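Two complexes, one shared chain (subunit A), two partners (subunit B, subunit C).
Showing the complex of A and B:
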């Protein structure tokens, strides 16, 4: 409850701060950082709690985004003039939008595209995860690494998905009347809140899940898979379940961010994106959802602002190496302990 | 006080246990064989465990005792042979199914979850007797709270039964070895087993701790849990067991009550090497 208030206060505070300092354009990067952080929190569930490494979350993000982009940018106007197409249009499955030249196109409604993106991602994650997670050890890391590379190459080589250019002019997604997920600058503030609403919802769900019977089962798998199994936990099923949940979270974020940016490109499914998500989970402290949110949000924001320059990917690689070598539990907890010790030392001296 | 109150935690998804008659064995192992490469680790082992019994399996190192345990608990598959747990064939079932059916175990080298506290470890043991899933937990439905409270109560009870109530919130990684053994035992009991497998429960314990362990094992049995243990500590074995099975090179040598085994010349020659005193320490 208290942490929820802290989350909302921080989000509102950041927005007011950007408004007060005249840096409203920061909201664009903050919004994107919120979507990326949502993926990181979902991955935290798989990595930090169940102890399984996925190097395919960039690909799941891209599957979500590309499915939405592809379906909503289709032009079905020729087909929808009569028969089934007309019925679908009346039912709201097909919606009209304006193309670049002011003409009318008919595409799939973003809602259906979203549902399709979620279903497709879950199905793909099942196919990848089912065989890999029945085995003990880091088979998931290997399977998802290969899978991520395949998705990247497929996207890059498929003309219908725009090849190296990706898909652009993705229409706005009217979530509620007056609430559009789109990149127009008048919608910047509302989109900032949409993105952080998703991040907050994910935080709430993940925290509830880890502090429960299921969460204990996941942590027990991390702590000792054989013993967890002997205690009556269907370890393969739990690992698969949490992998599916996490992949779907990534796809949801990908889907929304594609509508927000109005475009998606193949780099979203790149191996470096997936490594970056892994690095951010580690930087957040592995089994630490708040850490994933705070560290992930901050670093993604800096990266999107271009603070790391052309060394962007290298910075995240370096972070991963430093965390693993120096502070395996993540920097936040030791930092917190240091602050407490400092505080005690200062107050102790003051009292003496 | 060890009693497992079936009302406290709903036994969801678990078939009601059939009435067990004292005359029918709870566990029947028939012609069990298992080899690793060319080594026959378990060679035609048959025995049965009666309900309410404390049965020990002894034998020199490498006699196949732990392999038998691993096969019963589903961690290893047998090459051949049958295992019947209250007449249900369980050989080859995955470990979690065996656990659900009512067989729990501890491990020779301890296998606690180091990333969790003592009580959380024991709460994991309650997993297979509870049912709240992802949806109930994420949405924090009333039954999530109800069940969490029941799980915590049950776990506290099991920790208290092994005398570890005051260590509930301590991370197991920081507990001394002897206390970790007790937490592991509490975790096994939390699964509400009908048969408890203890793999060398006294290894690494001092004399006083072993004495406490013997008392706890008897208490567990008195609550209606049948116990099968592998042990090297002869004082514990002779103290608590009703019946002893002796294995050597994967084959059963003999079986009988402690008094008989103690004086069996065959046992003395193959296992005790003719010098009971030196093997007992």
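Showing the complex of A and C:
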């Protein structure tokens, strides 16, 4: 409860701060950072709690984004003039939008595209996860990395998905009247809240899951899969479940961010993106959703602002090595303990 | 209908890249066998070898440049083991994976800053781009024979080293049982450094000989590592020599796939093979099932 209030207060506080200091444009990067951090929190579930590694979450993000982008940018106006098409249009499944030249074309409504994106991602995650999660350690890492690269190559080599250019001019998604997920600067503040609402929802869901029967089962897998199996926990099923959940979270984030940016490119499915998510989970302290949120959000924001310059990738690589080698439990907990100790030392001395 | 010469052309190009996958796979096996680490940065050794050789070749004769590159990469990979992996206290599997991935990124970025994103290549060892050797109607670059020859000799020498020399035997002892090796007076830590050095040198050599054909670029390592890993798994992880036919097989499948699929999907094909092998026969084509299941847990 208290942490929920802290989350909302921080989000609102950040927005007010940017408004007060006249740096409204920071919200754009904060919004994107929120979407990426949502993926990181989902991955945290797989890596931190189930102890499985996935180097393919960028691919799920991309599948979500691309499905949504592809369906909403289709032009079905020729087909929708009569018969089934017309009925679909009346039912609101097909919606009109303006194309680049001001003409009208008909695409699938973002709602349906979103549903399709989630279903497709869940299906792909099942097909990959079902055999892959029976693998251990290195094998799983390589399998997911290979899967990510397959998606990357397919996206890059497929003409209909825009090849290296990706898909652009993705229409806005009217979630509620007056609430559009789009990149127009008028909608910046509302989009900021949409993104953080998603992040908050994910946080709430992941924390709930972690503190449930599933969470305890997951931790037992992490501790020792053989022992967990012997206790009658169907480890394979739990692993797959968590993998599916986190893949769908990534797809939802990808879908929303594609509408927000109005475009998606193949680099979203690249190995580097997937590795970045892993780096942020590690930086947050593995089994630490709050850590993933705070560290992930901060680092993604700095990276999107271009603070790391041309060393962007190198920074994430170094984070991986340094944090995992030196402080495997993440930098936050030792830091917190240090602060508490300092606080006690100061107050203790003041009391004496 | 495909003519014999065309088939031969496909086969030779598959065998050429396949032999590099084999080299990477052997590198994986050597490090995995002695240390239990799957080194995701394995492909980076190949890239570094090619890059350093290209730079050195601009002011010294080619053979010296290649030797220099191999030596430098060997020292670098040895240093990685001494300064990073030796210092870890009881690292978990997940930690090792993450650290080597981090290393791979850092090495790539360093390479990007030292050199740039341009594609480079070494000059052909003999002849040039246009010279070709006719073999049964197929035109083959002489470099193909350099690649095959180098890989063949290296693998034979390595096999001899592991089988007949005392140090090679010590390395294999570490692979089969660490505590028994320690009891027999083998300095396991040094053997691990040596494994990294041998593996780095192998990769660098592969990177040099393949450079005239496939070119060298700072980001070539990741896909090489995955294809090499595919070969290592196909041959059975830890099985040095089986990596050779497995590597060739991956290379062949990739070059044949160009015939059926758009060339843009070529890499996807190799990765799909990896997934298929992992899902269906994780113990490899030549291994016994228990080899795969009793994978070492660290």
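By our rule, the second predicted complex is superposed on the first by the 345 of 352 C-alpha atoms of A that agree within 3 Å, B and C clash if a C-alpha of one lies under 4 Å from a C-alpha of the other, contacts with A are read in each partner's own complex, and residues count from 1 in each chain.
The rule is simple: a contact is a pair of C-beta atoms (placed from the backbone, for glycine too) under 8 Å apart; a residue touches a chain by one contact, two chains touch by 3 or more.
Remember, predicted model here, so these are calculated numbers, not experimental data.
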Legend entry - Joint occupancy of subunit A by subunit B and subunit C, clash or fit: fit
Inset, instruction - Answer with first, second, both or neither: which of subunit B and subunit C does A:298 touch in the superposed model? - result: neither
Inset, instruction - State whether A:321 touches subunit B only (first), subunit C only (second), both chains, or neither. - result: second
Inset, instruction - Could you tell me if A:310 is touching subunit B, subunit C, both of them or neither one (first, second, both, neither)? - result: second
Inset, instruction - State whether A:271 touches subunit B only (first), subunit C only (second), both chains, or neither. - result: second
Legend entry - Residue contacts on subunit A - larger count, subunit B or subunit C: C
Inset, instruction - State whether A:233 touches subunit B only (first), subunit C only (second), both chains, or neither. - result: first
Inset, instruction - Using the superposition on chain A described above, determine whether A:212 touches subunit B (first), subunit C (second), both, or neither. - result: first
Legend entry - Contacts of A:150 with subunit B and subunit C, given as first, second, both or neither: second
Legend entry - subunit B and subunit C, minimum CA distance [Å, superposed model]: 9
Inset, instruction - Pick out the shared contact residues on subunit A: the ones touching subunit B in one complex and subunit C in the other. - result: none
Legend entry - Parts of subunit A lying in touch with subunit B, wherever the complex brings them together: 205, 208-209, 211-217, 219-220, 222-224, 226-235, 241, 245, 287
Inset, instruction - Enumerate the contact residues on subunit B facing subunit A in the complex. - result: 73-75, 94-96, 98-100, 104-105, 107, 111-116, 120-121, 123-125, 127-130, 132-134, 137-140, 144, 147-148, 151, 187-188, 191
Legend entry - Of subunit C, residues touching subunit A in the complex: 38, 40, 84, 87-88, 91-95, 97-99, 101-106, 108-110, 113, 222-223, 226, 229-230, 233, 262, 264-265, 267-268, 271-272, 274-275, 278-279, 282, 295, 297
Inset, instruction - Can you check the complex and tell me which residues of subunit A touch subunit C? - result: 47, 51, 53, 55, 128, 131-132, 135-139, 141-143, 145-147, 149-150, 153-154, 156-158, 271-272, 275, 278-279, 282, 310-311, 313-314, 316-321, 324-325, 328
